[in-house]
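Same chain, two partners: subunit A is paired with subunit B first, then with subunit C.
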Partner chain A sequence: MDIILGIRLKESTLFATSKAFTRGISVLKATDDKTIDLNTHNMMAYTGESGDTTQFAEHIKANVQLFGLREGYDMESSEIASFVRNQLATSLRSRKPYQVQVLIGGANNEGEGFLSMIDYLGTRCDLPYAAHGYAAFYTMSLLDHHYKDDISLDDGLRLLKLCEEELTKRMPMDFKGLNVKIVDKEGIRTIDF
Partner chain B sequence: MSDPSSINGGTAVAMVGKDCIAIASDMRLGSQSLGVSNNFEKIFNYDHVFFGLTGLASDVITVNENFRTKTNLYKMREERSIEPEKFANLVSSSLYERRFGPWFVGPIVAGLNSKTGKPFICGFDSIGCIDFAKDFVVSGTASDQLFGMCEALYEPNLEPEDLFECISQSLLNAADRDALSGWGAVVYIVTKDKVVKRYLKSRQD
Partner chain C sequence: MSRRYDSRTTIFSPEGRLYQVEYALEAINHAGTAIGIMAKDGIAIVAERKVTSKLLEQDSSAEKMYILNENTLCGVAGMTADAGILINYIRESSQEYLKIYNKEPPLEHIVKHVCNLKQGYTQYGGLRPFGVSFLFAGYDDRFGFQLYTSNPSGNYSGWKATSIGANNSSAQTILKQEYKDDLDLEDAKKLALKVLSKTTDSTKLTSEKVEFSTVSLASNGHVQLKIWKPEEIDKLLQESGVLEDTEEDK
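== the complex of A and B ==
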């Protein structure tokens, strides 16, 4: 029931993830962060089997960092997406596959936003906006209706607000609000939402 | 419901005409009933060989990447591009390597032999059994519907433009009867000295 949302804007990428950390019927934490910074201009939001998620996210981060150290330049968003997809697709046919869904986003050298959605099967799709799990059923119609190419940050945040309102209204569980982050050519930062 | 080859949906078809071939696919990528992308093409090409891949989207991506590697290595070793007939045998043996843990894909191959100019098409099952056909091959979640449409509309020795009409109508009308296919389509018409790629709008529901 975790909420993972991503919206690609003109010069940035927005992420929104639910703050509730749930196990079974209990909410164990109301300040959870389901994102990880991979390098200065790329981040990943993740959900899935707890344990697998953090293990996998740290594995990806370590490798992206290692690449930067070895090669002397950072991996680009689309390269990271290819790497992550390859890891998940390989893992799928192993004895115990990672059950992780991710959104990868960032800003490339030209300052354009990038968003890619990858599920535990290794299905990769580069999209203008994306959501994993049940949240997709409630938010995709809103995004289909309101999203336009090259929208500004303010419009992006307004769109995210609409999504949050809909989710609060329709989701059976209190998800304790959204953590909102933005990646642009300045880097990654949290936004008061 | 959890059948890997029908989670994402999608369908593809290839046809033979007079000194030409056509290959087409829809553009939907879904997750069960939810449409995720209307921009997921399932036709790839390695120089003059055209390759349609339907089935589990993850495997569609992986298998395409594998064959891109293999055809590039072939090209470096042989200093020429792979021919459709030979590529078909490469696909067959590569799929059978995974006999007991297959890629969940339904590949189709189409192309013109660069030496003889002879049109070639064929289809495969997920473990590499080749289905040589002289008229048309179909694949994907709307394959039953496609068989019907192709059987009704196909005739031998069509000119490129007529073949385009034939394959487009077959694909569009088959995809409209399948909930997991559609959301746009892409058609390639291949003749000796020209490749034409066209996008079809199709129904968006």
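== the complex of A and C ==
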């Protein structure tokens, strides 16, 4: 029941993930971070089979970092998305596939936002806004209604607030609030939301 | 006694040399010349094809110019059969890169990759090194036009203008004198043919003996790789004035 949300804005990409770490019917932690910084301008939010998620995220980060060292420049968002999809598609055809859903986002050199959603089957879709899991049911209508092309950061955060309110209202469990991160040309930062 | 350190590629001689690698480099110094010149708007590669017999079927396909991927081509000096293996390797790994990252590999990535393979044969025993040097010409978004050479030792280097194969040192000398930084592709094409005509043993250049290729950008920004056809090369030779020059020299 994790919440994994991403919104691509004009000059940045917004990520919101639930802070609750749950196992079965228990919340074990209220300060969980379901995101990982891949390099200075790209990050990944993930959900799925716990254990697989961390393992996969660290595997991707290590490879993105290695690419940077080998090639002398950081991997771009679209390259990362292709790489991650390839990894999941390869894993799917192995004896024990990773069961992980991810959102990949970042800002390119021109400072434009990027967002891509990929599931464990290797389905990839580049979108203006995306959500994995139950959160999608409650937020898609809001995002459909309010999202505009070239939306500013302030408008994006306002829209995210609407999503949070709706989720708090409708979700049957307490997800302990949202962990919100912004990626723009300055880099990645967490904000108080 | 001299055979003592010759026979194995991976053994240093007491002077600290790897003879098999040096012999491979020497083999390339006897192969047909290939010259590459980078201009601000493209790269020209020209190579000399050694015609072995009049009876040999002269098909139009180039023997020493190969397209590697959407934005790279290469010229070859050395053993063509060895080159075939390496070119296949480059094409395959290039497509693999494209499959994973959905982007053409940067030129230096390809060069580095194939050089790692070449290096392996100077260190792991029982096999001989690849007897091939390459001229890689290509374009990528980060560094624009680039020209690299690689040799059997596994070293590679980037150049504005360079040559490999027979008479490469004299070709290099002429290039050093004639190369200018503001060269455009037309100038580079002419200069490449001029240098080849001056360094090659054959008296008159014809499309039978010359292979030619260019890298440039089309008006839509796409990379244009072209391996020239014999008729086009003949026309180019006419226009370049190289043919008259050689007659005057006599």
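In this text, the second predicted complex is superposed on the first by the 193 of 193 C-alpha atoms of A that agree within 3 Å, B and C clash if a C-alpha of one lies under 4 Å from a C-alpha of the other, contacts with A are read in each partner's own complex, and residues count from 1 in each chain.
To be clear about the criterion, a residue touches a chain if its C-beta (ideal position, glycine included) is under 8 Å from a C-beta of that chain, and two chains touch if they have at least 3 such contacts.
Worth saying up front: this structure is predicted, and the values here are computed from it rather than measured.
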| item | value |
| --- | --- |
| First, second, both or neither for A:Glu79, with subunit B first and subunit C second | second |
| First, second, both or neither for A:Asn63, with subunit B first and subunit C second | neither |
| Subunit B versus subunit C as contact partner of A:Thr40, first or second or both or neither | neither |
| Which of subunit B and subunit C A:Thr22 touches, first, second, both or neither | neither |
| Which of subunit B and subunit C A:Asn108 touches, first, second, both or neither | neither |
| First (subunit B), second (subunit C), both or neither touched by A:Ser50 | neither |
| Of subunit C and subunit B, partner touching more subunit A residues | B |
| Residues of subunit A that touch subunit B when the two form their complex | 85, 88-89, 92-93, 117, 119, 121-125, 127, 130, 136-137, 140 |
| Residues of subunit A touching subunit C in the complex | 71, 73, 75, 78-79, 82-83, 86 |
| Residues of subunit C touching subunit A in the complex | 99-103, 106, 109, 142 |
| Residues of subunit B that touch subunit A when the two form their complex | 7-8, 29, 31, 34, 36-37, 40, 56-58, 61-62, 101 |
